Amino acid sequence: MSQLFQEAIIISILASTIRIMTPLLFSAMGELITQRAGIWNMGVEGTMLTGAFAAYLVATLTGSLWLAVLAAIVAGALMGLVIAFMTATLRVDHFIAGLGLNLLAGGLTLYWFQSYIQGRAQPIFSGFQDVDIPLLSDIPVIGPVLFSQRALTYVALLVVPVVWFLLYRSRYGLELRCLGENPKALDVKGLSVSARQYLAVMLGSAMTGLGGGFLMLGFSDRFLADFTAGRGWIVIVALIAGNWRPRGVLIAVTAFAFLESLATHLQVVGAQVPHQLLLALPYLASIGLLMGLRFRSGQPARLGIPYARE
Amino acid sequence: MTGSPERAAAADPDKLNIAVILSAGIESAWDGTLIEALERAKVAKPHGLDITWKYTDPLWGDDAGDAMRLFAESGEYDVIWAHSTYSDQVKKLREEFPDILFVVVGSGNEGLGGNQYWVYKRVHEPAYLLGYAAGKLTKSNRLGAVGTFPADDVNDEINAFFAGAKAANPAVERTVAFIESWYDPAKAGEYTKAQIATGADLIFQLTGNFKPCEEAKILCFGNFQDQKSFSPSTVLSSAVAQWDPDVSWIVDEWWAHKAEGKSYQGNTDKRWFAMKDGGSAVVPNADLQANVPAAVQTDLDALKARIMAGSFEVPVDVSDPKAK
Amino acid sequence: MSTALRVEGLTKRFAGVTANDDVDFDLRRGEIHCLFGENGAGKSTLSSCIFGFYRPDKGEILLRDQPVQIASPMDAIRHGIGMVHQHFVLVPEFTVLENIIVGTQRSGWRLNAAEARQKLRGICDGYGIDLDLDAYVWELPVGRQQWVEILKALYLDAQILILDEPTAVLTPGESKVLFDIVRKMCARGMSIILITHKLVEVMQSDRVTVLRKGRVVATLDTPATTPDELARLMVGRDVSFTVTKPELAPGETILAVEGLSARGFWGDAVLKDVSFSVAQHEILGIAGVAGNGQKELFEVLCGVRRPAAGSIRFKGEEVAGMSPRAMMDRGVGHIPDDRFREGLVPEFSVAENVVLGWQRSPKYCNGPLMDREAITGLAREMIGEYQITTRDEHVSAGKLSGGNAQKIIIAREFLHASGLVLANQPTRGLDVGVIEYVQTQLLKKRAEGFAIVLASEELSDLFSLADRIAVMFKGEIMGIVDPRKVTVAEVGVMMAGRRGDIAASKERVSA
Amino acid sequence: MIVFERRMEANALWTLSSFIMAIVAGLAASAVLIASTGANVPDVFGALLQGSVGSPKALATTLVKATPLILTGLATVIAFRAQIWSIGQEGQVFAGAMGGYLGAQLLAGLPPLLFFPGVLALGMAAGMGLGWIAAVLRNRFAVNEIISTVMLNYLVVYLLSWLLQGGPWGETGGTISYHQSPMLPDTAFLPALFGSSRLHAGVLLPFLAAAICALVMSRTPLGYEIRGLGYNPEALRHKGVDIARTVSVIMMASAALAALAGAIELFGVSHRLRADNLIGLGYAGIIVGMIGGLSPIGTVFAGLFFGGLASGAVYMRVLGDVPASLVPAMQGITLFFFLCAGVLARYRIVMKVAVQ
């Protein structure tokens, strides 16, 4: 156990935290945009899964990782299109639309995957490698933790301030937040609520899909059934725990990833407790942390309520 | 085998049709290696039989039972090979279809006997050899193993791996991790990286994710199938399951029943084929041979020879492996 | 005077209701034109059609005698039509400025606030509106939120402004300011459509159009008509504006409140050392500008909010801190000010709402099941007794007009209360016919021996109903006065924070 | 421009026919998918039909498969009608099986008339424990129930894993270490109905539960409060309903139903405690409950439909030669058409032409 405090392990815990959190961060920021626009998209898991599958397919077919990134984004946006159609046009209950999307994505990706490999050996690809940022990556501790990561990791970390800027400093962001708080306020100014919701959900889902794609391209070399393994739910939890604010979500995702990384290292250094307990640690600790927190809810007032004029 | 069809009596069967219930999917090592063994049997034509088969996607519980029943009722299948823990389902069917030979595989099964045969797979001997090599090659004296779930036929390998390592190098320390998930490459990667961070410089990888080894530029070992193609630059060697003796055992038993009229005599206790019987093997990666000093290779060869000759028995230890 | 806007033969149907039936209407340049009519007469619908928010099924709209196509609010705004909706269309989480500019910027992707700020300064200075543009809307009292709505329309350069019941949430003082500003707008050539239920306000307009059940009954020049005539046109019968309150000697004290205080969400004091008492046959009026602690006072009294200190004695028993359930069981009835949020479950039927809170009472249950017959029977009885206009008792309460919804609450509370009724703004937003009805019911209960605490922003209500008036300011009682001995102006001064005569209350508490 | 105009009254005939159209459209879309892999569409559908309703045995399988789905669906109905967004059905199913297994140890030897009610009740109690935790977290600590229930799902899965692997309940002996408990004794198998080997008595419980739920929702004060809580909790609070208590009752009742599903799976189907036959029942139940329009009766039909698909899946795989993953894909596709049909039933689609 004392090993845990050695420098190499501390660096490893922190670096692992960053690796675990970055795919989640893309998806969480995407879901943040979606939910701030008033759409309660429960289909994060399905969107991430589809993004991951699209990335796998394109990576193995073309060998180009950046094309695969694009594919994950497009696949995510398409899932967003489905959600937007269901919620903004058909005004279906947001929960069921999202849960239905998960079901559909789980089935379709597996079906296409099986059709794709058809009994032959599964094609694999070689994913993204770490990029050492010159000079910075040589700084002790911080260097290997922060400046020796996948290229997309840096993008993910940049996405937080970008989303913040988009939401709070851009004209579009003001309208987007207005969708979540009171879409009628836009409607009475003659702006189309549903067009903006489509845009927001597709943008958000594209980022969510990218999160899945990054998970695939950065940390795996193959697709498997249920590849995302419940990370979509963690994203939703992080969004609520982060109180629908970019910084809050960043903190929530980081805290969760840190706990998971810590539990990983505890198991590896041989803590003498059942490994299941260590695996459960992030979930237990998250509940504990949230019990201690209390804040004025930042949940958008009209989140999950289909908007209709008459 | 030429000529055997003529010699066979008119009543002798010339076809064997197998229904396979998969448990994880053709892309997994567990199921994939079985299909590969069947391919080889098809070419080898034991007893002059044309072997054909049909497999399902992963099915579990009653679904698997239903599929078996459908196969059985169709009357087209002689052997139903249920490739994991399915004895609960076989129990409900085997008396109704006494002519069909049922196969269940691996841990968690119950030895029912009669027309249920229980195939077991132990890859601990190759794992021991890999461990022995690892013990010799490690510089940090620290080795890692990453598994999915602990189970009887996973623990035996991990324990044998470390037993081999200890035999080669008593100073070896071990680190073990289970991710509690069948498919989660990203999570498996983090566990591997964590082990590397604690100083492990050789990893026995049971979850198929070799990316962390590539990045850390360390060597590792593949499991259950030859995983060289997964990562040609890091997979030094793989402990490989070979189902060929199992398949031919089952084919023989079926033949004995069908052609010679003997009654099925399914095993009630685990039966596995050792390395010397071709049940498992070590498949080294020739491209990385340069990493193994000649002296080590000589030791390994000698050890392997003793195992093959039966003069050295690798102990089976199925207790839950822990880091030490 | 030229015509600014004309509506010809406009018809708008909702599922099952014809809200506007062949309406003709015209608005002259520079005039204030009132729309007047009962709750549900179709005033808001007509406005929404003009604003392009609803699409009429039939009819034509002409601007300066040119037919125009108004298919969406976008078209309306382009034609210089602005509307302040009956229920605020604001984002509480946004600042005033953000509320005004959201959706108005057409180019550039950064928010451009500086320009907007400047333009708004100009508008505010021009009309003498004083508003902090950087305050969050949720921080503003309701009255000030109304200015945000008006600024939204002015910011978009409205030439025709529709105001749908803007004064329902304003104090008399604020209403007066609003009228001054509206006059200024007219002087600058703007035309105003004003919807209000208050006859004093209607009488300040230039012309008035009376709607009844979706049809135009008459359009009159205001100076040539009288409130009585308008009221008659509106409901189709005579309405008496002055309810007669018989003199009754107060009986024993029902409710005695001593040193009551309470805290808000942020720990701020929302009630400070409030003391008063009410007796049988007595109506205690609570006067004050909305947001000065009336709501919190009622919440504490009915058990929804916990007091921080002080005592509440109900029929001699200490009840401070008891749950709403306990208060209800002791006979306290409560008519909340937000009827669709706190008083009713809009999705429930009228019958279900009549037993809301008493769903577990053995009176309405048959063993473990609710007794449908008893409940519908009761609902029918209430519909008859309180003249609730509804197809039947199965209609969901949310589909009723505000007045009829209020009658359900009154019926329910009067039925189950014994001794005390707390009524907060019971007549807000109601048409004069319904107001008369509610007032009559309150007086009936007073005669029966109930004690009543009645808060209203309409001083005229309080002067005609209350036996004593407590004036609240910033969570404190400024004084308790006898309406026969003070003037409206004197109470108005106290509402602004000047202490008055508390003697009346002291006397009663010690009695 | 196409707009949806709300209908005055949802027309029953139109509702029914739109749902039939949804099934047809869903199957048609699935047919395209099937054809795309080169399989024979009529064969596949034939197999599906045969496997779901084609024989008494197939019907029995459909019922057995529908049983946990209906129960978790009902759990969803109760919670969601009150706008309590519990995603905890998954973990509660596990808890139900675990509680039931514990019960089987404690109550072993009791006569069946006491044993089965006892073990099912213990299973439900275990689920209620989970529901209670989520309720306390919400009421006392203001932890959003989506968060708490998702987290509890993970915790329960790891708890079961420990109990079976390393903990006290794992099977030991000849076949040690396989993430399963030993087989229950024959006396702990739920009795079979009609002499079928599969149709256990537990299949009756979802229908009973649905009837009770329907009665509770529409006729009792509790149902009144559940619906009221979903529509307007503030009004309920003002009218003397103890919101925290009601939330606890609802979450525990919902959890009890989901847990019953797990217990029935244990005693009726798997006969030993293991995770893999429980996975996904809770999440599927959420979808079933929502397709059922959050009405108990609708949930029964939705559960039977999903049960039929699941039961036909094996036949489709074996006889129709298509990947079994086609079934979740078909479920998803059909769900989407159902949702569209729901909209059709409530709205009229009107082509609006600009009026001159």
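Labels A, B, C and D are assigned to the chains in the order they are written; within every chain, residues are numbered from 1.
Assume a residue touches a chain if its C-beta (ideal position, glycine included) is under 8 Å from a C-beta of that chain, and two chains touch if they have at least 3 such contacts.
Chain-to-protein mapping (UniProt): A = ABC-type transport system, permease component; C = Simple sugar transport system ATP-binding protein; D = ABC transporter permease.
What you see is a predicted model, and the numbers here were worked out from it, not measured in a lab.
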Remark   = Neighbours of chain D (ABC transporter permease) that also touch chain B are A
Request  = If we define chain centres by averaging CA atoms, which chain lands farthest from chain A? Would you check?
outcome  = C
Query = In angstrom, rounded to a whole number, how far apart do the mean CA points of chain A and chain D (ABC transporter permease) lie?
reply = 27
Key: For chain A paired with chain B, centre-to-centre distance based on mean C-alpha positions, whole Å   = 37
Key: Separation of chain C from chain D (ABC transporter permease), taking each centre as the mean of its C-alpha atoms, in whole Å   = 46
Key: Junction residues of chain D (ABC transporter permease), two or more chains touched   = 6, 158, 161, 165-166, 323, 325
Task = Mind pulling the residue numbers of chain B that touch at least two other chains?
result = 57, 180
Query = Touching two or more other chains, which residues of chain C qualify?
reply = none
Ask   = Quick one: which chain pairs are touching?
value = A-B, A-C, A-D, B-D, C-D
Key: Contacting residues of chain A [partner chain D (ABC transporter permease), same complex]   = 82, 86, 90-93, 95-97, 99-108, 110-111, 113-115, 225, 230, 233-234, 236-237, 240-241, 274, 276-277, 279-280, 283-284, 286-287, 290-291, 294, 310
Message = Which residues of chain C touch chain A once you look at their complex with the stated criterion?
response = 14, 51-54, 72-78, 83, 85, 89-94, 98-99, 101-105, 108-112, 156, 265
Request  = Could you please specify the touching residues of chain D (ABC transporter permease) with respect to chain A in the complex?
outcome  = 4, 6, 33, 36-37, 80, 85, 87, 137, 141-144, 146-148, 150-152, 154-155, 158-159, 161-162, 165-167, 283-284, 286-287, 290-291, 323, 325-333, 335-336, 339-340, 342-343
Task = Over in the complex, which chain B residues touch chain D (ABC transporter permease)? Could you list them?
result = 56-63, 66-67, 70-71, 85, 88, 92, 107-111, 149-152, 155, 180, 269-270, 318, 320
Inquiry  = For a test of understanding, state which residues of chain A touch chain B in their complex under the given definition.
reply    = 3, 8-9, 11-13, 15-16, 19-20, 23, 114, 117, 119, 121-122, 124, 127, 129-130, 215, 219-222, 224-227, 229, 260-261, 264-265, 267-270, 272, 275-276, 279
